[in-house]
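Several structures are given next for inspection.
Presented sequentially are two complexes of chain A, the first with chain B as partner and the second with chain C.
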Partner chain A sequence: MASMEKRLQKELLALTKDPPAGVKVDSQRICTNLSEWTVDLEGAPESIYEGEKFQLMFKFGSRYPFESPQVMFIGEHIPVHPHVYSNGHICLSILTYDWSPALSAQSVCLSVVSMLSSCKEKKRPPDNAFYVKTCSKNPKKTRWWYHVLLNKVERNSVNMYEEERPCDMK
Partner chain B sequence: MATPTGAEGGTTPPGGADSADTDAGTFYECNICLDTARDPVVSMCGHLFCWPCLHQWLETRPQKQMCPVCKAGIGKDKVIPVYGRGSNNQQDPREKLPPRPAGQRSEPENQGGGFPGFGFGDGGFHMSFGIGAFPFGIFASTFNFNDGRPGPAPPGSPQNREEQFLSKVFLWVAILFIFYLLIA
Partner chain C sequence: MAEAFNFDPDKNYDEATMEQQRNIEKEISANQALVSFQIDFDTVSADYSKEDETYLGKIQDLKIKYKCVRRTRGDGNCFYRAFGFAYLEQLLTNQVDYARFKEVATRSKDELVSLGFPQFTIEDFHDTFMDVVEKVGTPCTTKELHETFNDQGISDYLVVYLRLLVSGYLQKKADFYQNFIEGGRSVKEFCNQEVEPMGKESDHLQVMALTSALGVAVRVVYMDRGESGQCNHHDFPEESSPSVYLLYRPGHYDILYS
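Now for the complex of A and B:
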């Protein structure tokens, strides 16, 4: 779809020109295939991930921006975080239920960065071992059951773009 | 690297795609395709979209119709088409599917009486109003002090006793209901 390509080009331009702190995107590399991006993230200074480097992969399907992009950490270094599984899958409501076409790759980057920066303790989600064994390759196919519940609670109390709670229900 | 796309030549603002990133250029951009809005509509919450873009979003999540920007309630009949000067010069509207909802003309004397802002999300609004009003209505009739209104039957009459009994029953129902809401 032509309008999707146009939007992705605009998003890429905006992210290259004005990236959030700690985000770097190599637009030359992406240009060959606009529907798959690799974004470099760096742990924010004074956060527990300071100095660590991560890679985030974006896959934009043909129904983007009406459907959320597929976003996950890739590479050797996956951040140890209560919302990030060791296979790179991220539990973040805007990547599934709370996606809106007014969001963008840039706002996803911002959410991931703030998710990392606000974390106080490095640990995996409590169900990591089970999830990694049983999940689909595409994190969008996961039905984040308890996460949905959690997101509903969050929607009533705090800004839902900044999740700070771990994934388990307590 | 941003290859110019000439597909929608008729609607690209003068200056081409590169100038669209200036502040003046982005202001009238659709919040979904990030391009200058075509067949523009504006929601009650004031957010601008191309009608085809918004329509596709409403079709994507029929049971959860929210403004993509601010998550206010939104719907096919709750957007206003925006007609700029010379908008007829654009592409033949018949080629564009789906048809954009028509503008509504309300009579001048109706203005000021309504609260169009309450138009969306009406289901939730009415429901909470009903629940809230139930107990308070009971309190009002139970503690009905003499305020001059033609209200309760004269004290001591059978009708009055019956009314008092009924209102006490309802008061307890209301208290139980509130209690239930608190612990639920």
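Now for the complex of A and C:
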């Protein structure tokens, strides 16, 4: 536990001191043991989200950094994006299967910003209605299926009972 | 008889499935040490049924060539943990190689940073790794090293660092390793998906990369369903004289003692 707090302190310092463009930690909204953060994001200039403001919530469990943080959009304004469900859940491989302890809150912010910046059309994931109705509150309790566009790497064989959540990597 | 399963298309089964997965993981960690004590081959034989002549025959073959085994936990990190323990255990009594290895290990952090790994996350893992390397250099017993490797807090840090070393080496030699990567992925994507995350199993590429990165020769002895009656082996790098011996059974690495 102590090592987790030490690590989070280091991360928070780095993110406050040297935040990626469009990212700002809301230090008012970080709880005392550092296990919950709120981060302000702003849509990048010249992207279709330019000027829009979003909020990300991070929850770090006691196994962090060996387990990924729980990350989702919160608040009134959830970006309309093919990998973001209307309840704020994000389909992004580094938040589950591809998480590595060498990644950080900062790398998550960068991936989310880049995911938004590379989007060409504002739309919700195709299974948004079903997913939002049936999913757990915690996005880490969803079994996400990731696909690499073009070369179609399947991460698992798709179970016939499984609702496929079509997401591209990165 | 088990209750018939009726699939409800309006229900989300994710949570139940993941709960089951977690219970399996819990059971594994409750029953398997990260690195076990040394055990003899008769204990290994007990893993197989009496009718399993192929495997039992191969265990007899191992018994002639090797003294005993140390098991590692089947958590997807077994290659790194087996390699790490077996090699550091060697270094307890090999001062010449220890000095060489310590230098390689010390230097490795700056190399990773120069490859683009973020210093502030790498540092923690490197520090812990070096603490253990230091400890091996002070009078340290096998028992103490064994305890260190079974302290999950430390042991997992070591695994992470070895994973980073593999990733760094593959990326440094990307031109060469690109030829072995399937699925049209780049070396970096492969590292992000198959090397750096915890619990991802290791294949030839990872074995090649780690042994080359650290300059340690490893023999992997394969115990599979092949009919030959003997276990084949492969040395990494080829034609080296190995100092670490690992036993590979499909999907899992343990440590062998000669």
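Here is the rule we use: the second predicted complex is superposed on the first by the 142 of 170 C-alpha atoms of A that agree within 3 Å, B and C clash if a C-alpha of one lies under 4 Å from a C-alpha of the other, contacts with A are read in each partner's own complex, and residues count from 1 in each chain.
Going forward, a residue touches a chain if its C-beta (ideal position, glycine included) is under 8 Å from a C-beta of that chain, and two chains touch if they have at least 3 such contacts.
The structure displayed is predicted, hence computed values, not measured ones.
Partners chain B and chain C, brought together by superposition on chain A, clash. In the overlay built on the shared chain, the residue A:10 is in contact with chain B and with chain C. In the superposed model, A:65 lies in contact with both chain B and chain C. Judged by the number of chain A residues each one touches, C leads among chain B and chain C.
Legend: residue contacts after superposition of the two complexes on their common chain; A:102 is shown touching both chain B and chain C. In the overlay built on the shared chain, the residue A:136 is in contact with chain C alone; chain B does not reach it.
Comparing the two interfaces of chain A, the one with chain B and the one with chain C have residues 3, 6-7, 10-11, 14, 65-66, 100-104 in common. Chain C meets chain A in the complex at residues 7, 10-15, 17-18, 117-118, 120-122, 124-125, 153, 156, 160, 163-164, 183-185, 189, 192-193, 196-198. The part of chain B that touches chain A in the complex is made up of residues 1-3, 5, 7-8, 20-21, 31-35, 47, 53, 56-57, 60, 66, 68-69, 71.
Contacts from chain A toward chain C in the complex involve residues 3, 6-7, 10-11, 14, 65-66, 93-94, 97-104, 106-107, 131, 134-136, 141-143, 148, 150-151, 153, 161-163.
By the touch criterion stated above, chain A contacts chain B in their complex at residues 2-3, 5-7, 9-14, 17, 27-28, 31, 63, 65-67, 100-104.
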